[in-house]
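Next up: some structures, all given as structure tokens.
What follows is a pair of complexes built around chain A, which joins chain B in one and chain C in the other.
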Partner chain A sequence: MNQANVTHLVSKLKFNIRPTPRRLKNKDGPPGRVLKIQKTLTALFEYERIELFYNRADEVRGYAERLISEAIRRGPEDHEMMDLANFWIIRKEFVHKLFKVYVPRYQDYSIAYTKLHKAPRLYPGIYYKRAVLELRGNPYPSIEQRNAHSNVLLHNLLLSEARKEYRMEKYKEIAESMNEREVTSQ
Partner chain B sequence: MFHGCRQLYTIGLRFQSKTHSRCIGTLTKAEAKKKRNQLYDEELKRQRAAVGRIEKIDVKYHGPTEEVILAMNKNLSTPHDCAKHISEGLTKVAALALVNEKPWDMHRPLTGPCDLTFTTLKAPNISTNRAFWRTCSLILGAVAENAFKDDVEVHLHSFPAPSIKSGSFISNVYLNLPDWQPTVPELQAMSALFVKLILRELPVERLVVQEDLAIEMFQENRFKIKQIPDIAKHNENRITLYRIGDHIDISKGPMVGNTSLVGRTTVAAVHKIQTDEGENLYRFQGVAIPSGILMNSFAYGLLEERAKKLNNVSWMPQRIEEDMEEKLTIAAQN
Partner chain C sequence: MHGALKMSAAVGRVLSQQMRQSLKVLKSLAGKKNRCFSASVPIPKEGSVSNNEQKSVNRGKSADPLECRFMYPEFLPDPKPEYRNSLREKLERADMMARRSKIDIPEFYVGSILAVTVSDPHAPGKSNRFVGICIKRSGCGLRANFILRNVVDNQGVEVLYELYDPTIQKIDCLRLEKRLDNELLYLRDAPEEYSTFSFDMEPEIIPEGTPVPVNDLKVTLKPQPWLEKWERKDLKGVRDIVVNQKREMKAKAALKPWEKYDLMKIYRETIPEEEQKEIFAEVYSDLHNLEITRQKMKRQRTFIRPKKSG
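== the complex of A and B ==
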């Protein structure tokens, strides 16, 4: 089969982009949508963690992933890449940040570069769901908090003891089977 | 032929009288229980009256966000009463109080000015977990006592110090059934009794009594009568009693505050064990997790399977050392 190998033409993302784009309703129509994305992307590259409406965050996430992965693949010398970065990032200093900070940071990543958390919304307030969008490896303390007591919770103690006992039984079985093998070989 | 029959009959009678003499009391189960509760209530009333003039003490409560000073009654107010002043939610989740950083039952009166904190089963320390396990043993004893018909002689023997690592809480019970192996429906019925008791949301009451009163309360139980003097010798001639509903048992404590703190639970197995005196004892084993902790049924099934194996735990000083080491490693991790 003489089929072209297309794997390197498109960047492989670790994030599933929705088949249909969101319209991000506004009075200027499609150009307004693009402006919204440009603004949010710039803010994301500036602050590394932002809180916004869920829809817009999820939409921008795909653009951020694609932009970073293209920057890693092509590098700053590529003119098309530079045009792309200049178009989506409104302020010049964050284009520099993209190539000087984010590319070295995400070069060896095998997971998505961004992370989306669902955030609570005020009641009674605006109905739309809220979210926190962040770039991984940022300098802030983690949003997710681990239960400090998980080591001493009763069911965890019971489960860890059950695991230990199971393992001991397995070791015994292995030892016995090895003994048997020795006996038969003699 | 008739003569032979009579002989058989007399042999039968003799055998019966022998078994009767072995247990001193002649009361039925229900009567014995009623008498025990009556004595408990009278002693409780007497101890309340003996407090006399009410003195106020300052109890300093250290909460997660606030510090409160409560003026409580000496020898009357319990940590549970303090929790009532703070919030209703706290009274429901607090399992064990720490008075001057020592474990203290929720229903044990405070004896002087002190610092007070509460531990819950979702933020436990090691003594809370042990108290939970001990309480489950106590409830299992109550279940074993109520599970049988009146013609089966049931005497609670003991429950050893709680060992969570062994995977099951236990209660040793004497039954005058020579060779009983419970079927699965019987175990399920006992689990159902356990759950019924939990759903009644009973407080776990505590009372310290003199040795002679304890012996009077446990007249019918020949094992307890032997144990009581030994326990009293090491405890200034006093015995600590715990009561859930109408079930009373001896234990060193501490216990958690309420039966509603027990969540999902199973009576897993009953094994026959032999003691040094050649008595036939049955070891009831069960497993439980605190309420509010949800667990995958497969994972819980693993715990149930493990709880079915005969639990050979007996009190060993090295186990406590291990626990201490574990505590230190956990502290280091945090």
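== the complex of A and C ==
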């Protein structure tokens, strides 16, 4: 049994984290893992939506969320915070983006700042699970496709009404033509 | 199937009974007068008494319940997710408060000097008193414990006490202070003079309202062999650790400079602020009441009626 470390105060993350970290196997060991996370994190802050292997995406997600939440908590004046940002974000311009774009965007969020989607794996190809990691509120169109055939959607509703109308008209025509035939035969 | 249902119902009843009892205890805490056991505080000089009386600020009292985390770290649960269980944690907290209402557990930190009296059926007076410096605090909830170290007859002695052990009769904090490190396990490899404390040491009184003093004592370790690789621990309370070149190289290779930036490691080792707030909001008022009764007791003990002069 351990005692909780009380020197740091942290905000609660809004998604479920793994109880143990992943090692992100590589030839350099733990420093290599850190480098992998730094690269992916920088790419995520640059493009706001990236596609990669699931393991790495899930691992980086925690770091991205923690970095944003620390930036919101402490602000750019804090030296330790600046150290953290400089350590994790390799390119300087995205440190600026973190404080100028992401902090105002996520300040009032009550949900997670990132979203992780499972992506289909390549076939034929490497049998690793793939994922799409994105920052919420990005400018791209949504990745999630709603069921285009759902009958609550407006265009489907209109189409079905139009179809009904067309069918009713057809029935009327058929009925009229049948009446005419009866009249002529008599 | 039916039996299993009955069983679970019975367990639920027992649990709820326990909860009700512990709640009762909690409620009665506020109304009860102090029931502190310790009464062996000596009478200090008159000057210090007046000093004590002047300062009415309570050291234990903090406006923010979150500040409790330094004083009562054992109220926070183990951060390991597989050990978490909200109901058990709540029950444990209620039990801890119930125990705290029976025995005065003072504020102390690693580096403070404590005297602990425990019931011991084999001891001559059926009780045993040990004085020592607290070198480690660990565990949480009802299993919170601390290690006291002293040197008795040139022999280092360490005793691990559980904070909420029912056999503990009295805990006295003889000298309240912090040291530079969170663990003083290196005292095991330090000369004896650093962990030798007299058993008839008298409690030192710190004026209320002052922050806990930090003792920046730096020890020099005995020559090797050591129990641990102290050169790798980044100890602030040890003067200069000299090791041979090979060990130095190895220590350098074992450095993990990225660990202080590892945000998820930090997160996994702690309890988030929101949860801490919830936990301390639950126990804060009771802890605060206990602290007030303790302060009152202390003042009663130390107050001397002024004599008429002339």
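As a working rule, the second predicted complex is superposed on the first by the 143 of 186 C-alpha atoms of A that agree within 3 Å, B and C clash if a C-alpha of one lies under 4 Å from a C-alpha of the other, contacts with A are read in each partner's own complex, and residues count from 1 in each chain.
Here, a residue touches a chain if its C-beta (ideal position, glycine included) is under 8 Å from a C-beta of that chain, and two chains touch if they have at least 3 such contacts.
Just so you know, these numbers come straight off a predicted model, no measurement behind them.
Once chain A of one complex is fitted onto chain A of the other, the partner contacts of A:His149 are limited to chain B, with no touch recorded for chain C. When the two structures are aligned on the shared chain, A:Val34 is found in touch with chain C, with no touch to chain B.
In the overlay built on the shared chain, the residue A:Val101 is in contact with neither chain B nor chain C.
Contact with chain B, but none with chain C, is seen for A:Leu158 once the two complexes are overlaid on the shared chain. With both complexes superposed, C is the one of chain B and chain C in contact with more chain A residues. In the superposition on chain A, contact of A:Leu84 is made with chain C only, not with chain B.
After overlaying the two complexes on the shared chain, residue contacts for A:Leu116 are found with neither chain B nor chain C. Contacts of A:Ala43 after superposition on the shared chain: neither chain B nor chain C is touched.
No residue of chain A contacts both chain B in one complex and chain C in the other.
Within the complex, the chain C residues that touch chain A are 66, 69-70, 73-74, 76-83, 137-141, 143-144, 256, 258, 261-276. For chain A in complex with chain C, the residues that touch the partner chain are 1-6, 8-13, 17, 19, 21, 30-31, 34, 62-63, 66-67, 70, 83-84, 87-88.
By the touch rule above, chain A contacts chain B in their complex via residues 148-149, 151-155, 157-159, 161-162, 165. Put simply, chain B touches chain A in their complex at residues 121-126, 129, 132, 164-167, 287, 289-290, 293, 295, 299, 302-303, 306, 330, 333-334.
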